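Both complexes shown next keep chain A, but they swap its partner, so chain B is in the first and chain C is in the second.
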Partner chain A sequence: MFPELNNLLNATPDKVDQGKLTLLCDAKTDGSFLVHHFLSFYLKANCKVCFVALIQSFSHYNIVGQKLGVSLTTARERGQLVFFEGLRSSVDVFFRAKGEPHPLQFLREASAGNLQPLYEFVREALRPEDNGEAAWRCPVLLVDDLSVLLSLGMGAVAVLDFVHYCRATVCWKLQGNIVALVHDSGDTQDEENDILLNGLSHQSHLILRAEGLATGFCRDVHGQLRILWRRPLWHPAQRDRSLTYQYKIQDKTVSFFAKGMSPAVL
Partner chain B sequence: MLESLLAVSGLVLLRDSVQWEGRSLLKALIKKSVLCGEQVHILGCEVSEEEFREGFDASINSQLVYLDLYRDPLNWSKTGEAFPGGLLGVLRAMRGKTDPRPVTIALDSLSWLLLHLPCTTLCQTLYALNYQDSSLGDSSPVQQVRVLGLLHEELHGPGPVGALSSLAQSEVTLSGTAGQASAHILYRRPQQHPTVKTQWFSIRPDFSLDLQGGPPLASQPHPDPHIFQVDPTTHLTFNLHLSKKEKEAKDNLTLPFQFSSEKQQALLCPSLGQATSYIFYEPDVYDDLDQEDPDDDLDI
Partner chain C sequence: MAAAAASGTSTGTRSTGSIAAAASKNNVTSFQRRGPRASSTDSGSSRLVSIAGTRPSVRNGQLLVSTGLPALDQLLGGGLAVGTVLLIEEDKYNIYSPLLFKYFLAEGIISGHTLLVASAKDEPAEILQDLPAPLLDDNCKREFDEGVSNHETSESNIKMKIAWRYQLLPKMEAGPVSSSRFGHYYDSSKKISQELLDASKCHGFFLPEKISSTLNVESCSLTHGYIQLLQFIQKIIYEEGFDGSNPQKKQKNILRIGIQNLGSPLWGDDVCCTENCDNSYSLTKFLYILRGLLRTSLSACIITMPTHLIQNKAIIARITNLSDTVVHLESFIGSERETNPLYKDYHGLIHIRQIPRLNNLICDVSDVKDLAFKLKRKLFTIEWVQDNYLRQERNIYPPGFSYLLKQKDSAWGEGSLQHSTFLMSFLAKATAFASRLVRHSKPLKQTGSGRIGQAAGPRLWRDGRRQEAPGLLAIPP
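Up next is the complex of A and B:
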């Protein structure tokens, strides 16, 4: 995790909000550093994490995790992390008997179905243990990323339904958190992706939007991060609910600074 | 005008955006309806019942009839609580038949319904909700029905939004600047021109509306904890303001380019003594006076 980002979000592994949906969004840049941040953050916070990884392999996340000070292998062995590796599982779907349920069952179906099997996988993964002892602090679902489901043929409404059920189970019933990444296609007029992004934005409590610089690539400033706390209108802190920072990704950390205040410029 | 939204029956659209959420306004209007003695039914699709009821006091909460579609809207959990007539049946069953009091039906949100139902079916059902009485032809008194629909504008194309908006009696579009919310209200009355008004408002934590006259002043400093306010006028090497005495001295001074009547007189009517002027030039002793023409080499 990145301490500077924790400062901006006013969060520490000792103090984790519960029942929140955080939407990560990237436009014209790669926002995966935010996924790595939240993965290591919740593992350090001693939360039970279900990670639905549809973009990269386990070893990729493990290597980045080690740089950030967490071992995904150990977490998985301890039962803290349930890792769903989409790249490997998508092949498995085709080599198993037809009757057996599989989280990515929709890949085998001719008509556009729903994501109920994937939801049931998440529900089982985060089900509280029966022995009564709460070994982990709170359940967390992490998805990298939801736009892939659109590319695999699901409709935006089906993905929104999946997130809806995950919210009802993880955020409301189990008082846990959800963090999901969605790409912003920007100018490409991808209607389904826009519906997904806007639908999730309306459901989320916090939106982190990583954007590439409008002026193009820069060696010392890699992009800007907009933070929007979606607080209700009656909340007293209405004014300071939106912040924008620029960032630079370094080897093991990310540094944030006010717009135009990069150390390389000053 | 925001408070008169509840004066007429029909569909009231609350159009909100990601930046300006409309659920707080919906809850404020619900509270107002309950206080007016109406029966209030809520169809909750987007947030849990606990989250929706949060902030209302017990007397309000006891008056609300809440239908929870949030937990299992598509019957994936197979809890057996499926709604027999589907979503449309739920909507139709929402208006009470026995109670003659006016009914307010709050849909949280219309967007969720619009994503899961065909637009035409939804519009027909909403129309039927409002105007069912005449078609029933029963002898019961005409029941006033008002539907408050929360609509997330960005989620839908212009077609469905246009269809719903033509069905609506009034539309409230939320926006705002500098932490202050405003509502753009379009109010349609039968056989009259629609009225448009922008109302600035804020919502108190107990969900009562606080109406304000105008937009917030831009000059108000923002109490942003992340920006330290530095006074730029400290440690200046010059004065920004003049004292009273200095100001008087400055005002009395006539600047050389100022054209006054005295100056004009002096230029137009020169006194006799100054009519002819001479220039006396006495070269210095060591002046190097060159007798040659200085422009000789120019070959003119």
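Up next is the complex of A and C:
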């Protein structure tokens, strides 16, 4: 959790919005620091988190989490975190004999599969406990990242359907949040990815877009972050407010500053 | 991830736990040196990691192996992390990328790692026969000096150059370090000795053999050759205990996997032939599952891929996202850069496209961006392109200045007295000019007694702004 980003987003772990879809997007840079931010943020906010990690292993997230002040191992033991490790599961599903359905079942199927098993997994993971008293605040689904599903042979429409189902369940029924990362393919003409990104931008409440600098590599400024709120018309705050900040990623935190105001320049 | 062992945290994977347990058993004191020297083979019992040819990363605690090219190791943040994929994007005629492939394998043989060579074109046994010979401690110094003396000026000469332009440049590690056990230099003019080959343990995967032997094709979305290869790798990893699940009785070891020309038509993949092919996801799926295999085992993988052949650019972007480290070789052969005087000393450019972020928010990006490689008679070297003029024009100097410098350079020679005098005077002039610009553009407010304002005449000081240039008095209407 980066305090400076919390300030920009006007959020604290004590005050969590509910029922929101947040889209993280990165173009020509790596936006994974945003995923780490939201993971530690929701764990600190005492939310029940289902983390679908498709791109890195558990230990990576765990070690970074420790730098940000949360322990994924203990969160998993307490039942606060349900961690789905895509890399490990893909090996399992590929090399074992056919048997019970698996969230990544489509990896084995010759025809275009669907993401229903993965949705079932998410629904099971975030289902409220029956005994009435709520141990965790609200459920959160975190996906890193959705573009991998496209690489694994799913169509953009199937992924959009998956997000739609998750929204209906997590955001609406359970009053929780969804945070998903999608790469922006930029000028590579990845049509599927563009469909996915545009479709998600259309329905998300908050878009955080990390971009590499147009002028190229810089040691002191790692990129810029655009924040776009999409709020209803009657909302008191300024409508469709878009903000741009530049950032520098440090060892344990990320510092944000206005464009061109890097401490190294001034 | 198995490679996280060196960080000493118990992270829950079984293999990590076993290494950490072994390490804690050996540790008597809680103080230990965590330097790059902690990896040597003849280690005492109190070393954290005792696998030959590896060292823990200073940055993130990952276990690193050498790519077989110390200069490249340095660019990648110390080496290639165990459990990750290094993707080499081949140069157009596939001349230089096999060298990197062979260095990686040869380094494995020298370090005593187990090899797994997969190819669809050459027999793995032939590839092994062609590996270059290492420049070992006793004779490497001589070999290297010989290679260096004819093109590089001596150290004292460098000192004489105009200091502030060149002293700050990062120095590339150019020569072999005689005592290092991590990373060796190789002599590409000699073959590796047969004894070393016999002593090493190697598994070969030659696609034509495997295709003919088995034909029970399971209906799956992957190309048949990829399924075969994945099953082969998984079998080796499982049987030889690289996944840490069945504890190795003997010394722990690293599996080095090399896959040649992945994605080429010989692998039965048609991403190189058409833009919209049916199984365009084979390659990305294969990479994903391979990465899953690597992350749960003590192995490192190098893949060379002819990305310039892949028709659909979207697939290349996805492949990059699914690999850890991506290095692109661009040779000058056949391009107009071959005749560019700037590049006359080099054979091609090397682009570091991606460096993984492991256990960290940031990655080890080297500040040096313009890198070129050169294949000398024996050594493959990576150097910083001497593109001073362009680079510095971008960064420091006022525009046009470096062009002037270049002209003066040719007349006077760098480092000469005239040269530096010119430099200083130009900079002084430029500064003075810039400050004058600033002074003129700011609105002037009359302060004080106003005597100066009266003396300058009424027209110049109207509305608090100067309207004409100073000294040019306008003719009254």
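What we mean here is this: the second predicted complex is superposed on the first by the 254 of 266 C-alpha atoms of A that agree within 3 Å, B and C clash if a C-alpha of one lies under 4 Å from a C-alpha of the other, contacts with A are read in each partner's own complex, and residues count from 1 in each chain.
Keep in mind that, in the parts below, a contact is a pair of C-beta atoms (placed from the backbone, for glycine too) under 8 Å apart; a residue touches a chain by one contact, two chains touch by 3 or more.
If you're wondering where the values come from, they're calculated on a predicted model, not measured in any experiment.
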Partner chain(s) touched by A:201 [first = chain B, second = chain C, both, neither]: first
Of chain B and chain C, the chain that contacts the larger number of chain A residues: C
Touching partner for A:20 - first (chain B), second (chain C), both, neither: neither
Which superposed partner A:157 touches (first chain B, second chain C, both, neither): first
Partner chain(s) touched by A:67 [first = chain B, second = chain C, both, neither]: second
Touching partner for A:90 - first (chain B), second (chain C), both, neither: second
Those residues of chain A which chain B touches in one complex and chain C touches in the other: 191
Residues of chain A that touch chain B when the two form their complex: 114, 116, 119-120, 157, 160-161, 164-165, 168, 172, 191, 194-195, 198-199, 201-203, 207, 228, 230, 232-234, 238-241, 243
Complex contacts: residues of chain B adjacent to chain A: 18-21, 23-25, 46, 48, 50-51, 55, 70-74, 76, 111, 115-116, 152, 154-155, 157, 178-181, 202-205, 207, 222-226
Complex contact set, residues of chain A against chain C: 30, 32-33, 36, 55, 57-60, 62-64, 66-67, 73, 86-91, 94-95, 107-111, 147-148, 150-153, 183, 185-186, 188-193, 217, 219, 222, 249-252, 254
Residues of chain C defined as touching chain A within the complex: 1, 4, 7, 9, 11-13, 16, 60-61, 83, 219-221, 230-231, 234, 281, 284-285, 288-289, 291-293, 295-296, 313-314, 316-318, 321-322, 357-363, 365, 367, 369
